[in-house]
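Which chain is which? They are A, B, C, D and E, in the order written, and residues in each are numbered from 1.
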Amino acid sequence: MLLNIKDLHVSYGKIKAIKGISLEVPAGEIVTLVGANGAGKTTLLKTISGLLQPASGSIEYEGKPLSDIKPFERVVEGICQAPEGRGIFPGMTVLENLEMGKFSRVAAKSENAQDLDMVYNLFPRLKERAHQAGGTLSGGEQQMLAIGRALMSRPRLLLLDEPSMGLAPKFIAQIFEIIQEIKKQNVTILLVEQNAAKALTIADRAYVLETGYITMQGSGVELLNDPKVRQAYLGHGA
Amino acid sequence: MKAKAFNLRDIFGDWWESATPIQRGITRTVVIATFYALPFLNNPVIDTPETSFKSVLFYPLVLFALMAVGLNVVVGKSGILDLGYVAFFAIGAYTHAVMSARTSLNFWEILPFAMGFAMLAGLILGLPALRLRGDYLAIITLGFGEIIRIIAINTEAIGGAAGITDIPGPTPIFGFEFSVMDPRPYYWLTLTLLILVIWGVLRLSHRKPGRAWEAIREDEDVAEFMGVATLKYKLWAFIIGGAVGGLAGAIYASKIRSIQPELFTLNLSIMILACVVFGGMGNIWGVILGAVLLGYIPEKLRFLSDYRIIFFGLLMVVMMNIRPNGLMPRKKREKFQEKIS
Amino acid sequence: MDFSILVTDFWSLTIDGIVVGAIVALVSLGYTLVYGVLRLINFAHSEIFMIGTMTCYLVIQQFGFTGYEEPLPLWKFASLFLLFGLTAAMVSGVAAVILEIVAYRRLRVLGASRLSSLISAIGASFFLVEVFQKLSGAKNLDFPRMISKEPIFTFSSAYISADKILVIVGAGIVFYILNRIINHTKLGLGIRAVSQDEKTSILMGVNVNRIISYTFLLGGALAGVGSAFYMVFYETTKANVGFLIGISAFTAAVLGGIGNVRGALVGSFALGLFQQYTSAVLGYNWKDVVTFVILVFVLLVKPTGLFGESLQKARV
Amino acid sequence: TGNPAIYFQGALTGPYQETGINEANGVILAIDKYNASKPKVKVEYKSIDTQASGANSPALAQKVVEDECAIGVVGGMYSGETLAAVPIYEGGKVPVVSPSATNPALTNKSAYFHRVVGSDLVQGPALAQIAISLKSKLFIVDDATPYGKGLATIVKKTAGKIVVGTDGVTEGTTNFTSVVSKVKASKATAVFYGGYYPEAAIFIKALRDNPATKNVKFIAGDGVLDGEYIKLAKKNAEGTYLTAPGQPMEKVAPALAAEYKKKFNRVHGLYTLEAYNAAYVLLEGIKAGKTTRDALNTWLGEAVVKVNGTTISFSATGDPDNIVMNQYTIKNGQMVWVKRLS
Amino acid sequence: MTKKLLEIQNLVVKFGGVTALNEVNLHVNEGEIAALIGPNGAGKTTVFNIVTGYYKPVSGDVLVDGNSVLGLRPYLIARMGLGRTFQNIRLFGDMTALENVATAADALNKSGLLSALFGLGRSRRDEKRSMETAQSLLEFIGLDHRAHQMAKNLPYGDQRRLEIARALALNPKVLLLDEPAAGFNPQEKVELGDLILKIRDKGYAVLLIEHDMSLVMKISDRISVLDFGQKIAEGTPSEIQKNQRVIDAYLGVAEDAS
């Protein structure tokens, strides 16, 4: 089990956002998290990457408690996040933003070039705009940059927070292909998506989050066919 | 229902909201009366050991409060860092000093000029604000403050470095004599003007201009997209801040009777800015509290003599660390309502 | 107004302007570096400089080198200079780091407004000035002459003496090293990342606290080096020595585009030269007025200074 | 109530504390000697510390006025703080005798203000006269303080045609390079500096370090006449032309100077003697039974007091009738009295 | 003939070397929901930034209700009848929901600072009008229970809707919505679609940028498609869905609009 979360509670001051969640992410799988706005999905990802401190409960990563690892060191351990809101460094060029992805790694030049090629292959637009300031990219371009930057760190666990948000339909299809492609390179993926239909299709395992609790779990296909899920998250029968 | 924290501010706020107009009126009267009575309420607890308490009440306390309220319009409300506020104070002081010597106008007649010139200066200072943002504007204001002082030093027509002496005080009004000896009438005068200014600023804050300033502070671009004439309101902030500074300056000059450029240094600007932030930027009561404390503490500490400013500086660091948003920060009281579906 | 002096004494004014600019630049860099990472005007930075000058003074006192008038042999001066210069750099650097921890860190972690930090900085500045006022008995402290100020050669109207050469060459070396640090280590990238988005920086594996500490260390050390040059050039210090040079340095940083290292350098030299020329032509006292007028015009044309990132108007 | 008190107003802390403490000690010495003489009414010493700033002095003066025991003030030390405080003393009818505030604007300000030294209207022309007698081309620099700039203005007026250039710096500056360039360009042979010793020391060094201005004569007023000037400027201070309305205490009253040294374990400063004298005059009044503010003030108007070899009496404006002006120089690292100018 | 409330003529926009819009013509008719779609970076948001006066075009013209607004400052254009939302939510975070909306409503009041200060009747009436407008708009979008909460503390979905209410407070001739459904789940998207229809029925014309085709196809009257800064198609939803160029450039596979 790459990531093992037990009875996690997280709150913002007095507001409880996560109220006791247990969840497992096996190595090499895609685990999808779906849930309405404000269910606590982003909160969970931020807690894993260390931007938030849990109030109680434990997170184990590769068998070690994550609380032992400082937030900024988690990247070195292979946890990387493409955050909600994208988190582009607005004054840095696209290239510099991508380099930030490798900040914590000392890598050979050739390795860098290789990774850069890989990202540019996935998102040719970024190559065109390599020297444009990140802040002036269009919404979708920023989204590509955020994902590309996360890949630059060669993560073992990739946390994706609504990667399809703001992307054009044609590209959304591609993004899910890319995610599957990444999985093949032995990267474990924890995926948060509003586009539940697609996200559940590619998921090995999935959880439904509602107001801070996990209300359902199973394989991607199981949930995809669950009438309640279809009703609430797939826009059927509404 | 969200849990509510116990805090005095909310308790008072709730009480105030539920109070009847009569209760509110009584509270207001009592509070205001207490302030007017302060010169008589001198006792060892609040007395300043080495300085005349009556005098301290006028300067720095109430004058700092007046200036802080004026600066708060610029810094707290519209979020523009102004490091040269002393310029308006100086302009007000010099206007009174020069005009009372050159014209036959008395203090009361000069006051509008003092404010007017300061407003004009605010307008001029505000013009670069149309293009500049953030700390770039801050250095311009800082420069402005210094320039006014340097010009005063180098202009012999207004006394040069030696400044102006023999400045007359205000002529009697409503039976109040203004003698140099007795700071109390000056205190009462400034307090009255302070109350008027507070009234005006609160009025603006609760209406369209207040919202416009806040919107500019939050996000200038978006404010503009939402139809806020950002340039106009930024200018107004400078103009109003200037007017209040000019007012304070004129009163100050009429009390101390002689002014020199060296009274109007960057330090004073910084002190007033500190009052604003220390008390709680954007919240007029916080700002006044800040001014009162930062004016009062150094006087109270005078017995420490040399160590006074050391202690004072330390206090500023410690207090900001304890209450990072000031003593009484601007905080909207949020009201939670259940959705009735 | 007498423009002829610009012709007759051009080179002498220029050399002095460069020397002054170099010293100002060393202080200015501290403002810009800290601003770059925290978007904070480190108001107490002038006191970090002051601590540097005091350190130089104390080191020299320790060695009993007080008050002599005869210049030292070059090797002796050089080793002494390295000694007090490096000590000052170290002490100033550490002082800056402590300042950050004491006066800013908690405010930053709590996400307080930048103005709150500014006030904390002002408090720290008051504190430091007064403490040193007390320690120095509010006196001007006097630094011995260790290097001859006799002109080594003349260049047109300018007398070039060893101390001027020292400042210009020494500052040049420091700028070169700084450039290496900023552009060829991850520190530079980290500084920029933290300044733009602290949270995302953490996600990218940036140790924010460490980056900030290093930034203060670097800025403080530069001010320390600047203070050593200052002491050799001006030979005196006092508790509030930082005030005037602090304002100049801050102005220079803004002129160049605050947050931008190259900007601080160019701004400082421009300011140094410009002030030297205007004070010769118009009089020392008017130089600040003219400086600010020019500053306004520069900023009206380039609202983010000469080299500032033009990101003020980000896209929506 | 209690014994009548004499206040000292000046800087007891801050950058100007040296001069201030030496004045305050002069007052203390006078009062202690008086009290030791078993008088009918003993006098208490009190002080207000203005740090020589006009921003501080009004509120502090107010405190003096409110203190019923206060019947006289020795002070203020510098002109700025005094200008700001005098209207309040006037209102409280507190007689003031300043040992060292020399700004001409103070004269005629108040019926309660007196001083024991001549104003800059005396010192300025004396300084100009020195420059003229040196047959120099004079360059004038001031520090933009009320004192420095005020004095420089008077010097400039009286020196007339020999002035070849002027410049103004700010208090606290260390960068005199552009000023030196201007001096050099003006081909001046003498420089007058209106200001205080810290900057003067840096200025003279800068002048001496530049081969072109190495030999210009350096002239300055009492603001520069201080032991610290010699310490900071070192051998560059040698030969500086200085004036002061004060008397050299070690010459005029050597016994008192020794007593001072013994009591305070420090050497007296410029204006220690004047502070002592100012206090002495007030004490003479008290001895004569004038123990109210008004009585003492009226008495001051008529008094003729002999102390330490001078006779002190005041004109209608409060200026001394008997104005002294002395010339000093620095020789072998010592402050040396040259001659009496008036 | 229907009135064109917003018309864009031959618009050319460049950023450095990049041509973001090239000879684009667009319009929004009275009472319609027009949609603007296209791949990422096609220039959609740029259209909004141009018509609201944030950027200046190289050439071309923008007409609001027949009047050119080129060169006017954004706040004047806003008052002339363009209210917009933002791709990345940009509310006045430290102001309450009600104040957010009232700030925009203020724009239509003539009374200024002096009358607010001296309490002239007009200012009082204006104040009342702003507050009532804001309150009724919050009710309209279903946020009245949040009126006195700080904008930054609202849940994501409410923030998106608050932005719409704020733009409506300008009483715009055309409401410009930039990806209002981003981050919504299908259920919420349906609700949003209903809201936009309701807005149209109140008489506002809408220009909608959106990547969610089910929403766009369902509610739009007319769709324009941008690609690389060029308009490549225009028509009704069913026409657009069948347009091969649009499918190639943008849709990928033909979506079913159920």
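Just so we're on the same page, a residue touches a chain if its C-beta (ideal position, glycine included) is under 8 Å from a C-beta of that chain, and two chains touch if they have at least 3 such contacts.
Note that the structure is a prediction, hence the values are computed from the model and not measured.
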| item | value |
| --- | --- |
| Shared chain contacts [chain A and chain B, defined touch] | C, E |
| Pair joined by the larger number of C-beta contacts - A-C, B-E | B-E |
| Rounded Å distance, chain B centre to chain D centre (Cα mean) | 37 |
| Whole-Å gap separating chain C and chain E, where each centre is the average of the chain's CA atoms | 49 |
| Chain A and chain D: spacing of chain centres that average the CA atoms, whole Å | 76 |
| Cα-centroid distance, chain A relative to chain E, in whole angstrom | 30 |
| Residues of chain E touching at least two other chains | 45, 54, 86-87, 90 |
| Interface hub residues of chain A, defined as touching at least two other chains | 136 |
| Where chain C touches two or more other chains, by residue | 133, 285, 315-316 |
| Parts of chain D lying in touch with chain C, wherever the complex brings them together | 13-18, 144, 166-170, 172-175, 177-179, 181-182, 184-185, 198, 201-202, 205, 209-212, 228, 231-232, 234-235 |
| Residues of chain E that touch chain A when the two form their complex | 15-16, 18, 38-42, 44-45, 87-88, 155-157, 179, 182-190, 211, 213-214, 249-253, 255 |
| Residue ranges of chain B in contact with chain E within the complex | 200, 203-204, 207-209, 211-212, 214-215, 218-219, 221-231, 233, 236, 330, 332-340 |
| Chain C-touching residues of chain A, taken from the complex the two chains share | 49-51, 70-76, 80-81, 83, 87-92, 96, 99-101, 103-105, 133, 135-136, 149, 153 |
| Chain B contact footprint on chain E (complex, rising order) | 52, 54, 73-75, 78-79, 83-84, 86, 90-96, 99, 102-104, 106-109, 111-113, 116-117, 119, 123, 126-127, 130, 145-150, 153, 166-167, 169-170 |
